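The structures considered in this document are given below.
Each of the next two complexes has subunit A plus one more chain, namely subunit B in the first and subunit C in the second.
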Partner chain A sequence: MQTKWWTPYLFVSLAMLGLFVFRFAPIGAALWGSLQETSLTGEVRFAGLENYTYLFSDPTFWNSIRVTLLFNLVINPLQVVCAMVLALMLVRPGPFLGVFRASFMAPMTVSIALTAVIWGILLEPTLGPVNGFLKWLGVPPQPFFRSADQAIWSIIGIATWKGAGYWMIFLLAGLIAIPRDVLEAAEIDGAGWWSRLVFIILPLMKRPLAFVLVADTAINFLMFAPPYIITQGGPAGTTHLLMFEAYQSAFTYFDHGRAMAISVIVLAMILLIVGLELRLLRPKGAH
Partner chain B sequence: MITRRDVLKIGTATAATLACAGLPSAQERTELRVISLANWDERVTSEGLVKPIEAAAPVRLQVERIPFNQLMQALEVRLGARGPDPDVYIVDGPLTASYALRGHLLALDDLIDKKAIAPSAVAACSYKGKQYSAPLANTATVLFYNAALFEKAGIEPPSPDPTKRWTWEHTKEVAKALADASSGVWGLAWDQSERPYEMLPLGQSLGGVALSEDGLTASGYMDSDEFVRAWTFMQSFYNENLSPKGLFDIPVVWELFSTGKLAMMIGLTAGRDTFVKAGVPFGVAPAPYFESGKPVSTTGGWTFGVNPRTEKREASEAFIRALMEPAVQEQFLRSRPYPPFLTALWTRMSDYYSGDMWRIVEYDYANTAVARPSTPGYREYEEILRLALRDIQTGADPKSTLTAAARKTDRELRKYRS
Partner chain C sequence: MHERRRRRLAGAARYAALTLIFVVLILPLYWFVMSSFRPVEDIFRYANDFGIRTLVPTRITLQNHIAVFRSEFTRALFNSLFVCTTTVALSVFVNSMAGFAFAVFEFRFKNVLFVLVLLSFMMPFESIVIPLYSISRALGLVNTYGALILPEAANGLVIFLFRQFFLAIPRDIYEAARVDGASWWQIYLRMTLPLSGPTVAAASLLIFIHQWDAFFWPLIAASSPELVVVQVAVARNMSVDQTNWGVLFSSASIAVAVALVPFLLLQRYYVRVVGLGRT
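On to the complex of A and B.
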C-alpha cells in the first residue's frame, strides 16, 4: 500500500501540537516576559535586559545560584547511584522480589508536596517522631530543617527517598534488557561480579543511565515544594533554590519580569548541564 | 373555639410572613465568592459570618477558607490574574495600602460610617484618604500562663493589672524556673514567633521604630540597636532551651499550651476559647516590656475588601454594608474572642467584654498599642523580616541578619518611590 507523503506528519501532528502548546509556547512566553516589566497596577512595558541586569546585581540571586548548583551537584549523582544500586539488588531473582520492588517504588506514588509535608512533620525538631526515636536511642535531637548546616542535606534526603525508587524502574528495565548470554559468557571466562558490572553492565547501561540523569537533572533544577513548604528558603538562605526565588519574585515582590528572567536562566542552566551530561554518557561509536 | 393547633398555625404563618417580608427570597440572592480564613473553623464561619450576613443582605456566600500561613500567597495568585474572582476577600489590615495601590480594592467610603470605628482602624483601612477595607475583628496579644505549673513551682503568677505588668527580664527568669526538659515543659513561647506583628513590640518597647516615616526605608530602622538588642534577647530564649524552636503554626503553639507543655505564651486573645475547651487551668496578664523601656502592645486585625473587577458589585457592596452592622459584627465576635473595631461594641457587648483579658486589651488599646508600619510595601517588608526572624530564632547573628534584611527591604521598596 502506498502512503501519501503527509501521512507521517499527520501521525506526529497531535504530539507536535502538544509539544508546542505545553512546552515551546510557555518557554517563548517566559522569554518574552523576561524582557518586559509589569507595573504594580498591571501595565506592561518593554524593558530589554533590565530584569537580567537587576538580577545580576542582587546578592540573593547569586546565593540562589550557588545553592541550586550545590544541590544539583549532590542530588543528581546521588539519586542515580541509589537508583542503580536498588535496580542491581532487585534484578536478581529471589524471595519476595515483588514486595521489595513495590516497596521501593511506593514513594513515587506520593506527590512531592505531600512528601514535604510528611517529612516536615517527621523531622520537626521539637515535636517530630524522628527526634523522639533518636532520643530513645540515646542520640541527641537534631535540628534538621532548622539548621543552616543540615537543612539542604535534609531536603536532598527526602527528595532522594522519593526519587530513587522512581528512577530505579527505568534502570531495572535497562538491566533486564541486557542479553543474558553476554553476562554468562563473561562469567564462564572468569569475570567476577565487579568486573561484569564495570566492563559489561555499565557500558551497556549508558543509554538508560543517560536518560535517567538528564530527566533527573531537569526535575531537580525545578525543585520547589520542599523549600516552599518546609524551610521557606532558610535558615540563612541555605535552601533558597532558584525556583523558590522565582516564586518569591512573582508573588511576594510583585516582579513578574524578574520571575520570568529567573525561569529563563534556570532553563539555560538545564540545557547547558544536560548537554554536558549527554556528551559524557554518549555510547562509544554513536553519532 | 380556638384550639392549640390553630394558635400554632397562626404563629407559623405569621413567622413565615415576617420572614418573607424581612429577608430577601432565595431567588433574589446573588452568589458571592468570598475568600476567608481557615483558622476560623466551620462553626465560626457559618454562625459568625455567613448566617448573619445572609440574614442582612440579599447574598449567598460561597466561602473558600485558606489557612493563615498560605493566605497572603494564595490571594496574590488569585488577585494577580486580575479577574473577577473572588468578589470579596479577607484583608490583613496593614496590607490594605498594598492592595489598594495595585488596584485590587474598591473604595468603600460611601458604605462605611467612619465615626463608628476606632480611629486607628480608620487609618489602617485607608490609603491616600480613601477607605478601602471594612474592619471586622481587631486583634490583641496577652500573656497566657499555666496556673497549675506556677502553683506547682511555688511561683506567684503575673498580675492582670496592666500597671503592674512584668518586665521581660523578670519573665525570662520565671521561664527558666518553670522550664523542665525532663517532662517536656517549655518556659515561654510566642504563638507567632516569626511574625513582625508579635515581634515588633519587643524592639518598640526599647524605643525602636519599625520603618522610616514615609514607610519606604528599612535600613537604620529594622537593624537599629533597639531591634538588634530586642531580638538578641528573643533569640536567647531559644538558645537556652526555654522556647521551642521552629513552631510557626499558631494552632500548634496553642496545642502545646492546651496540653500543659507550655508555662507561658504570648498569644492572641482568639486562643482563649481553645484553652477553655481543653480544660487547661490558665490565667491572663498583660504582655511584658523591657525594664529600660516602655510597654508596647499589638493592634490591627482582619478586614474585608471588594475586588474592583467583581461582576457583582451591588451584591458585594451589600455584603460590606451588612458586615458593618453592629449586630452582624456582634454575632461574629461572640463566636471568636477578638476585640471589636466598632467602638460602640465595647458597651453593647459589655457582658462579653468583661474579665481580666478584656480589661487588659481595653487598657492596652488606650495606652500602649502601636500599629504595624504603614507602607504600601508591607507585604515585602513583612515577608523579608519574617524570614530574618526565623533565621535569628534558629541561631543566625541578629545584627548581620537584620542588616541584610533591611538592605533587601530597601531594594524591594524602591519601586514605591516613583
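On to the complex of A and C.
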C-alpha cells in the first residue's frame, strides 16, 4: 500500500502545533511585545526601543541583574562542587550506599515551591527549629531571610539542598564510566587519592562537569519561587532576582512592555546557555 | 599493617561524612512531615528548645490532616489531580504520535522539525512563561483548565523518548502489516502503542510529576480560587493564613508525599526516566 505524502505530517501535526503555539510563539510575542507600549487606558502603540532604554536607565532593573549574577556566580559552582563531592563519596562500593544514594536524591523530589515553604518555616528566626538547634550548639540565633546580609545566601543554601542530589546523578554516571584499570594503575604507581582526583578523575570528568554547570545555570538563572514565597525580593532588594522582577513588572505594575523586554533579555541568555549545552552534548570528535 | 589502619580510618571518615550529609538532607524533611502529625499547639512547642522532643513527637494525631480534607484545600487537590491526569492522557497520545512519525517515516523538514523538538525541551519552560501568558490571554485560555493543560500537552522530551523506543522496533513488521492492508493509523494504534507499555508508563510518570510540581505558570495563568492547584494553594497558606499552621503543615506534607512516594517505590527506574525532566 502506498503511503500518502501527508501521512507523516498528520502524525506530527498535533505535537508540532502545541510546540509552535506554546513554546515558540511566546518568543515572537516577547520580541514584538517588547517594542510596544500599552497605556493605562489599554491603547497599544509602537514604541521602538523605548522599553529597553527605560529599562537600562532603571536602578531596580540593574539591581536585579546584579543580584541574579551574584546568585548564579555562587550557586552554580557551589552546586557542582557539592554534587561532585556526593558522587565521589558514593562511587566506591561499600555497605548501605543504596540507602545513602536514595536519601541524597530525595530532596530533588520536593518542588521548588515546597522547598521554599518548608525552609521558610525551618529558617523562621523566632519559630523555626534551625535557630533552636543553633542555640543548642551555643550559636546565637540568625535572622536568615529577614536580613539583607543573609537572605540571598539562605536562598542559595535551600536551592542547593534541593539541587545537589539531582546533579549528582549525572556526575555519578560519569565517574562510573571511568575505566577501573586506569585508576588502579595510578594507585599501583603510588598516586595518592588527591593526585588521582586532580590528574586523572577531573580531566576525564570535564564533559559531564561542564554539562552539569551549564544545565544548572539555565535552571538557576530562572529561579523564582523562593523570592516570591519567602522574601518578596527583600530585604532591601537583596533577593530581587530577575524572574521576580519580570513577574512584578507584568503582574504587580502591569507594565507589559517592560515585562516583555525583560523576557527578551532572559530568553537571549537562555538561548546562549542552550547553545553551549548543545555543543557539550555533541559526541566527542564530531564537528 | 600501617596501610590497613589508614584504610580503615579513611573508611570510617567516609561513613561519618555520609551520615552527616544524610542528616542535613533528610532531617528537615522528616521534621516537617512529622510535625504535620502533631497537635497544632505542639508544632513549634519544642522547635526553639532543641532536644529529643523536637524530633520525636510526644503526641500523634491526624487532626491536621482531617482538617485539611474539610478545608478549601480539597478543591486544590481535585484541580491538581484533574489537570495532571488529563495532561498525561493528552500528552501520551499527542507525543507518541509525533515520536512514531519521527521514528518510522521519511519526510521533508523532518530534521528541521526534530531540531525544534530538541530545542523545545532544552529551553526551560520558565523562560517563556510571561510571554506565554499574553498568548494564552489572546486565545482566551487564562483562568480556564485549558491554560493549565494545553501548554503542557506537547512535550519535546516525551516525543524524544517515544522516538527512541519506536526506533528499536524492526521496520519489517510495519511493511508486513502494510502488505496486509493495514493503515498507518491502525499500525500505530494496534501494534506500536500496545508494545510501548514501559515508555507510556515512563512518560506518564514524567508528565504527572512535572505538572504536580508546576508553580510559576499556574500562579499567573490560573489565579482564580476555583482553579488553584496544590503548589499555589500551599504557597498561599504560607503567606496569607499564618494562624492555621496545622493546615499548612498537612497540605505541604501531602504535596511532598505525592511526588516523593513514586521515587521511593521506583528508584532506579525513576532516576532513568523522570530524572531527565526534573530540575
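Some points to look at:
Assume the second predicted complex is superposed on the first by the 237 of 287 C-alpha atoms of A that agree within 3 Å, B and C clash if a C-alpha of one lies under 4 Å from a C-alpha of the other, contacts with A are read in each partner's own complex, and residues count from 1 in each chain.
The working rule: a residue touches a chain if its C-beta (ideal position, glycine included) is under 8 Å from a C-beta of that chain, and two chains touch if they have at least 3 such contacts.
Predicted model only: the values in this text are computed from it and were never measured.
When the two structures are aligned on the shared chain, A:P8 is found in touch with subunit C, with no touch to subunit B. In the superposition on chain A, contact is made by A:P129 with subunit C only, not with subunit B. After superposition on the shared chain, subunit A has more residues touched by C, the comparison being subunit B against subunit C.
Within the superposed three-chain model, A:A113 lies in touch with subunit C and out of touch with subunit B [touch as defined at top]. By the touch criterion defined above, A:F104 reaches subunit C but does not reach subunit B.
Once the two complexes are overlaid on the shared chain, A:F254 sits against subunit B while remaining clear of subunit C.
By the touch criterion stated above, A:L40 is placed in contact with subunit B alone, subunit C being left untouched. Shared contact residues of subunit A with subunit B and subunit C: 126-127, 250-251. Put simply, subunit C touches subunit A in their complex at residues 11, 14-15, 17-18, 21-22, 24-26, 28-29, 31-32, 44, 46-51, 54, 94-95, 97-98, 100-102, 105-107, 110, 113, 116-120, 122-124, 126-128, 130-135, 139, 150-151, 153-154, 156, 159, 178-179, 181, 183-184, 188, 209, 212-213, 215-216, 219-220, 231-232, 234-235, 238-239, 248, 252, 255-256, 259-260, 263-264, 267, 271, 275, 278-279. Within the complex, the subunit B residues that touch subunit A are 73, 76-77, 80, 82, 101-103, 244-247, 252, 379-380, 383, 387, 390-391, 394-396, 401, 408, 411-412, 415-416.
Residue ranges of subunit A in contact with subunit B, taken from their complex: 40-42, 58, 60, 124-127, 143, 145-148, 232-236, 248, 250-255.
Within the complex formed with subunit C, the residues of subunit A that make contact are 1, 3, 5, 7-9, 11-12, 14-19, 21-27, 29-30, 33, 86, 89, 92, 94, 100, 102-114, 116-122, 126-129, 131-133, 135-136, 161, 163, 165-166, 169, 218-219, 222, 224-225, 228-229, 243, 246-247, 250-251, 256, 259-260, 262-263, 266-267, 270-271, 274, 277-278.
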